[in-house]
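Shared chain: subunit A. Partners: subunit B in the first complex, subunit C in the second.
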Partner chain A sequence: MSEWLESAISRGHQIDDWLAPKRTQAIDLLSTTPWPTRKTEAWRYTSLRAVQNSKAHEIETKTNLLPEHITNLSAIELVFVNGKLDKQQLPDVLPKGLSISLGSDLNKEQQSQALANFSDIKPKRHLFGLVNDALAQDVVIVNVEDGFNIKQPLRISSLLSLGAESHTRVQVTLGKESHLAVIEDVQAEGDSLCTAFVEYQVSAKAHLEHYRFALQTGSNVAVGGCHFNLLDHSSMHSTIVAFGSDLSRLDTDIIHSGEFVDAKLNAIYLLDGNELFDLHATVEHAMPNGTTEENVRCIVAGRSKAVFNGRIHIHRDAQKTLAELNNRNLLMTNTAEINTKPELEIYADDVRCAHGATSAQVDKQALYYLQTRGIDRAKASVMLNFGFINELIDLMPNTVLSEWIRPIIRNRFSAMEVK
Partner chain B sequence: MSNTKSLLTIKDLYAGIEEKQIIKGFNLDIKPGEVHAIMGPNGAGKSTMGYVLSGRDGYEVESGSVTFNGQNLLEMEIEERANAGLFLAFQYPVEIPGVSNLEFLKASVDAVRAANGEEAISSSELLKQAKAACKQVDLPLAFLKRGVNEGFSGGEKKRNELMQMLLLKPKLCILDETDSGLDIDALQLVAKGVNSQRSEDRSFIIVTHYQRLLDYIKPDFVHVLADGKIVKSGDASLALELESQGYAWLENGNVEAKIEG
Partner chain C sequence: MTVQVEINEALGREYEAGFISDIESETFEPGLDESVIERISKMKNEPEWMLEWRLGAFREWLKMEEPDWALVDYPKIDFQAIAYYSAPKSMKDKPKSLDEVDPELIRTYEKLGIPLIEQQMLAGIAVDAVFDSVSVVTTFREKLYEAGVIFCPISEAIVEYPELVKKYLGSVVGRKDNYYSALNCAVFTDGSFVYIPKGVRCPMELSTYFRINEQNTGQFERTLIIADEGSHVSYLEGCTAPQRDENQLHAAVVELIAMDNAEIKYSTVQNWYPGDENGKGGIYNFVTKRGICHTSAKISWTQVETGSAVTWKYPSCILKGDNSVGEFYSVALTRGRQQADTGTKMIHIGKNTKSTIITKGISAGRSNNSYRGLVKMMASADGARNFTECDSLLIGDKCGAHTFPYIESRNPSAIVEHEATTSKVSDEQLFLCRQRGLDPEKAVSMIVNGFCKEVFKELPMEFAVEASKLLEISLEGSVG
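Showing the complex of A and B:
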C-alpha cells in the first residue's frame, strides 16, 4: 500500500461524525485494496505518481475564493472552498421546491436518511470514491421536490487555494417529474489535490441536465466521479469538458434502474503539453427499453495523453435497449497519445448496440467545399478539426454555457495549433 | 464585343475521374458580362465540368487548356481559383456540422479579401452584409448560426449557395442546377439573385434542366452538353426548342448530322 493511502486511512479513522458508519465501511475496503499499478485494469494507462508525490494538505484557515464568473449565467452558487461549504455564497432564498443543506446540520432523522442514501449509487470499485467516503469534509444534500422545475441552474464549484487538498461530496435527488440543471467545476491555484464526487438520484419522469467542466490544469491533481441512478421514464443529458493536468481522472456511472430511461453523455477533451485526462464511463442497462447515446471526442497535442474507457453493460433483462457509443479522436502531434477502449457486454438478445472508435479524418468533401470558397487547406483543416469538437458544444442544452465555453475552447485549440 | 478579352476560355478539354473519361473535347469561350446556359441529359458531364474547373481532387485533366482571367486555371490550387473569382454553386452542397455558417462566411470573405490585398472584414460589417444577403435569398437569419448546410432542406441549401455568391462577388459564377428542388417562388428568387448580380464584369454559367429558369434569366447563349462535349449552341430560343423536343435527337450517336439536318 502507498504511503499516501495509509495516511488517508489514518486520517479517515480520526473523523468521528454522523457519517462514521460509512467512513468505516470505506476504510475497511480501502485497507484490503491494493494500490493500483500498471497491471490494474482501471489504472492501466494512468499513473498515480502525481497523487503519491502530492504535498497538498487540508487547509483549515478560511480563505476567500470566488468562482470564476460565467458571463450571463445566473446560477445558484454552491461553493466549496478548500473542501468546506462556503455558506455565505449560498443565496438567502432558494427557488421553491429546491433545498440545499449541509449533512452535519440535518436533524437525526434526516441524517439517518442521508446516511442510507450515501454511497448507494456510486459503485464500490472506485478507489478514490472510497477515499472520498472516508475523507469527505463537507457533505451537501440537494433535493428537488416532486414536480418542481428549477429554472435556475445549480452550480457546484470546488475552489482550492495553492497547495490545498479537498474532498467534496454532494448528494443530489430529483423528485418525480422534476427538472434540474447542475454545473460542476473545479478551480485550483496549483499544487492541489481534490476528490470531488457527486451522486444523482433521478426519480421517475425527472430530467437532469448536467455539466462537468474539468478545466483545471498543471499541477492540480483531480480524481472525481459523477454517478447517476435513473428511474422509470427519467432522462439525463450530460456534457463533460476536460483539459488535462498532471493527473485528471473522472469516473462516471449511468445506471438504468428503471425502464424507458434516456441517457445522453457527450465528452470533449482538449489536451496539450504533458497533460493527462482519463475518463472511465460505465453505463449499466439493468432494465428494458433504455436508450443511451455517448459521444466522446478528444483532441490531443504536445506530449499529452488521453485515456477513455467506455463500458456499456446490457444485462439479461434489458431487452429493447438501444445503446450507441461513438468515440472519435484527433492526434495533432505524434508524440501525443490516445488510449481508448470501448467495452460492450451484452447479455440480452433483443438490443441494438453500436460502438465505433475512429481517428477523426478530415472529411475530404468538406475540405474541398471550404477550399472552393477561397479558404486555404491549412485553415480549412483547422476549421474542420475545431468543428469536430464544436459539434458537441452545439449540443449543450444551455446556450449561455455553450457561448461561454466556446471561445475558451477555441483559444486553447488555437494555441495547440500554433505549435 | 469581339475584341473584349475573354474571362474564361476552355480549349479541347479532355478530363475524367479514375481513368474514366467524362469530358471529351470541350470548348467554351466566355466574355465578361455574358450569361451562358448549359443544358443536357443526365450524366452528360455538366457537374463534372464544374468540378474540373474548381480543381476538385481526383478529377484529372488529360489534355486541353483552361484560361481564366489571363491565368492558366489548371495550375492553380482550389482556393486560388476561388480567390481569383471563380465560384461554383454546388448541385449537392456539403453539410459541415460544427462549423457555423457565419464563421464559414467570414473565413471565406476574408480569404477573398486577403487575395485582393484587402483587410479582414469586421465581424459587425460581415453580419450586416450576411443579414442583407439572407434577406435577399429569403433565408431566415437563424441559418447563419447553424452548421454549414447542416440539416438544411434541399431548397435551403441552394439559397445558402446563392447567399455565398452574393457575399463573395465572384467574377464567374457557375450555378449547377441551383433551380432544382426549388418551388416556383424560390425559382424567381434565384433569378432575381442572379439578375441583381449581372454586370459588365461578372459572367455566369447556368446549368439547368428547365427552360423555365431561362424565362427569368435571359441567357446570351444556350449550349447543349452531351457525352462530354458541347454538341449545339444557340441563343435563348434554343432552350425553348429543347423544351419541346427533348434530347431524343441526340440518340444513335450521329449527333452532328441530326442537328445540321
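Showing the complex of A and C:
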C-alpha cells in the first residue's frame, strides 16, 4: 500500500460524524484494495506517481475564492472552497421544486435516508471513490421534486487554492418527470489534489442535462466520477470537456436501470505539454430497450497522453438495446500518446451495438487545400482541429455554455505545441 | 416446429471426431520437475545447450503466475497431474514409409477424414503428422529436399540443424514471454521446423495435423518457421482430438521469422474437443503464436477456431522492418459452454508498415466469445496503417460476445481504424431464405457462411473446404 493511501486511511479513521458507518465500510475495503500498478487493468496507462508525490493538504477555507464568471450564464451557484461548501455563495431563495442541503444539517431520519443512498450508484471498488467516501467533508444533497422543470442550471464548482486537497461529494436526485441541468467544474491554483464525485438518481421520465468541465491544467491532480442511475423512460445528455493536468482521471458510469432509457455522452479532450487525461466511461445496459450514443474526440499535442476506456456492457435481459460508441483521436506530435480501448461486453442477442475508433493526424489534403487559399499552415491546422471537435460543441444543448467554451478551446488550440 | 425448437434438438449432436485410438503408448508418470525435463531432453537425444535452455525456461516458469486477465473461467490446472511425455510405442523404431506405420494410426486419421495418403498426393500436401508428441509420418521430404526446403520434426532439427535452431528458437517468443510459453519452452516434445532458403518459393503447401490421443497428456508443440530473404511458404495446421472426460492442456508455441521480402502464410483450422454440453471435458488451448517481419516481409495468419473448451490465443505480428505487412483473419465459433478469448497483436515499428485485422466471432449456446487485440504504433512507425474490423454474431440469448481492442498510437502520421459490430442473425434474412424453401438450419448456416466469407477466402483451397464443412457441422448443433 502506498504511503499516501495509508495516510488517507488514518485520516479517515479520525473523522467521526454522521457518515461514520459508510466511512468505516470504505476504509475496510480500501485496506484490502491493492494500490494500482501498470498491471492493474483500470490504471494500465495512467501512473499514480503524481498522487504519491502530491504535497497537497487540507487548507482552512479562504473566503475570497470565487468561481470564474461565465458570460450570460445565470446559474444557481453551489461552491466548494477547498472541499468545504461555501454556504454564503448559495442563493437565498431557490427555485420552487429544488432543494439543496448539507447532510450534517439534516435531522436523524433524513440522514439515515441519505446514508442509504450514499455510494449506491458509484461502483463499489473504485479506489478513489472509496477515498472520497472516507474523506469527504460532507455530502451536499440536491433534490428536484416530481414534475418540476428547473429552468436555471445548477453549477457545482470546486475551487482549490494553491496546494489544497479536497474531497467533495454531491448526491443529486431528479424526481419523476422533472428536469435539471447541472454544470460541474473544478478550478485549481496549482499543486492541488481533489477527488470530486457526484451521484445522480434520475427517476422515471426525468431528464438530466449534464456538463463537466475539467479545465484545470498544470500541477494539479484530479480524480473524480459522475455516476448516473437512470429509471424507466428517463434520459440524459452529458458533455465533458477536459484539458489534462499532471493527473486527471474521470470515471463515468451510466446505468440503464429502467426500460426505454436514452443516454448521450459527448466528450472532448485537448491535451498539451506533459498533461494526462484519462476517461473511463462505462455504460451498463441492465434493462431492455435502452439506447446509448457516445462520442469521444481527442486531440493530443506536446508530450501529452490521452487515455480512453469506453465499456458498453449489455446484460442478459437488455434485449432491443441500441448502443454506439465512436472514438476519434488526432495525434499532433510523435511524442504524444493515444491509448484507447473501446470495449463491448454483450450477453443479449437481440441488440445492435457498434463501436469505432480511429487515430490519425489532420488530413494532409485538407491542410493543403486551405494553404492553397492563402491560410498559413498553423492557422489551417487550428481551423481543421477546431472543426473536428466543433461538431460536439454544437451538440451542447445550452448555447450559453457553448458560446463560452468555444473561445476557450480556440485559445487552447493556438497555444498547442504542434509540429 | 419453431426454428428455436429445431435448433435446440440439433444441439444434442455428438463430437464427430470423438473416439479413442487403441494404441500402446510410452508415457511418463504425471508430474513436473527438472528430472522430467532432463528425461524429455534425453529421450530426444538433445544436445546439452538445449537441455540448459529448457531448464532455464522451467526456472523462469516457476517464478511466474498464471495469467487471469482473459475472460475465461476454468478450474485451476494442476500441473503436477499432467504427464509430460507420451509417444506411440510402435514409433520407437521410426518407420521409413507409411507401410511401416501402425495401421491403427492410419485408421485414426481415416476416421477423421484426413487425406493422409491418396488425398495428400492429389492435393500435393506434405504432411508432418503429430500423433500425441512424436511426429509419425513425414512425406514429400524428398521433393522439398530438392528445393532446399527443410521440413522436419523440431526434435530432428535440434540434432540436425543446431545452428539454425539455436539462432532462431525463442527469438520471437522468448522464454520469459508468458506463463504458458515458458512452460512450453521447458517441456515441448515435438512440433515442426521449416526453413525456406533465400529466394525459394516452397513448391507445395506444408501441413501438420496434430492429434491429442493419450489420456492426461498435455501437448506442448513447438513450431519454428524461418522464411529466408525473398522466400515464400504457406503452412497449414489442423487439429482434432478424441472425446475425453478430463480436461487436457494444450500449450503450443509457434514462432515465424520472415526475413526481408519473405512471405509466410499460416493457416489453422482448430477443432479440439470442446467438452460436452455441460462443459465437461474439452481441451484447454493456451497458445502463443507470433511472427516477426523484416523489411518488406509479410506474415498472414488465418484461423478458423471451432473447438476447445477454453481458447486463449493471440497470433501476432511484430512489424519490425519498413514496409512490412501483417494480417490476421479469424473466424471463432463457440457453442455449448465453450469459452474463447482470442485476437491478435500488431506491433508497428517500421515505417510504412501495414496491418489488417478481420475477425468474425459467432457465439451460440451458453458460450462466451471474446476478441482481444492490440494495435500499437510506435513513434518510429511513420506512415503506418492499420485497419481492424471485428464483427460478432449472437445466436441464442444465453451466450456472450465481447470485444476488447487496445489501440496505442505514438505516431501522428500513423493511421489506425477500428470498427466493431454485434448483432444477431436478422429475422429478415432468415425469412427470405425460408421463403425460398430452405430449412432454418440450412438458412442460418448459409447466412453464417456469408458472414465469414471474408475470412474463408483467405484460406488455401483445401482448408477453405474443410473450414466451411467444420462450420456447417458446428452450426448443426447450435444455430437458431
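Rule of thumb we're sticking to: the second predicted complex is superposed on the first by the 390 of 419 C-alpha atoms of A that agree within 3 Å, B and C clash if a C-alpha of one lies under 4 Å from a C-alpha of the other, contacts with A are read in each partner's own complex, and residues count from 1 in each chain.
Just so we're on the same page, a contact is a pair of C-beta atoms (placed from the backbone, for glycine too) under 8 Å apart; a residue touches a chain by one contact, two chains touch by 3 or more.
In this text, all values refer to a predicted model and were calculated from it rather than measured experimentally.
Peer 1: In the overlay, answer first, second, both or neither for which of subunit B and subunit C A:Glu41 touches.
Peer 2: After superposition on chain A, A:Glu41 lies in contact with subunit C alone.
Peer 1: Once the shared chain is lined up, is A:Gln319 touching subunit B (first), subunit C (second), both, or neither of them?
Peer 2: Second partner only.
Peer 1: Using the touch definition from the top, say if A:Thr335 reaches subunit B (first), subunit C (second), both or neither.
Peer 2: A:Thr335 sits against subunit C, while subunit B stays out of touch.
Peer 1: Could you look at A:Tyr368 and tell me whether it touches subunit B, subunit C, both or neither (first, second, both, neither)?
Peer 2: Touch partner of A:Tyr368: subunit B, not subunit C.
Peer 1: In this superposition, which partner touches a larger number of subunit A residues, subunit B or subunit C?
Peer 2: C
Peer 1: Kindly classify A:Arg352 by the partners it touches after superposition: subunit B alone (first), subunit C alone (second), both, or neither?
Peer 2: A:Arg352: touches subunit C, not subunit B.
Peer 1: By the touch definition above, which subunit A residues appear in both interfaces, subunit B in one complex and subunit C in the other?
Peer 2: Correct list for subunit A: none, the interfaces share no residue.
Peer 1: Sort out for me which residues of subunit A touch subunit C in the complex.
Peer 2: On the subunit A side, the touching residues are 41, 45, 316, 319, 329, 331-361, 419.
Peer 1: Okay, in this complex, where on subunit C does subunit A touch?
Peer 2: Counting only subunit C, the residues touching subunit A are 69, 71, 377, 379, 392, 394-424.
Peer 1: Mind listing the subunit B positions that touch subunit A in their complex?
Peer 2: 54-57, 77-79, 81-83, 87-88, 90, 93-94, 96-100, 103-104, 107-108, 111-112, 115, 147-148, 164, 168
Peer 1: Quick check on the complex: what are the subunit A residues that touch subunit B?
Peer 2: Within the complex, subunit A contacts subunit B at residues 363-366, 368-377, 379-380, 383-384, 386-391, 394.
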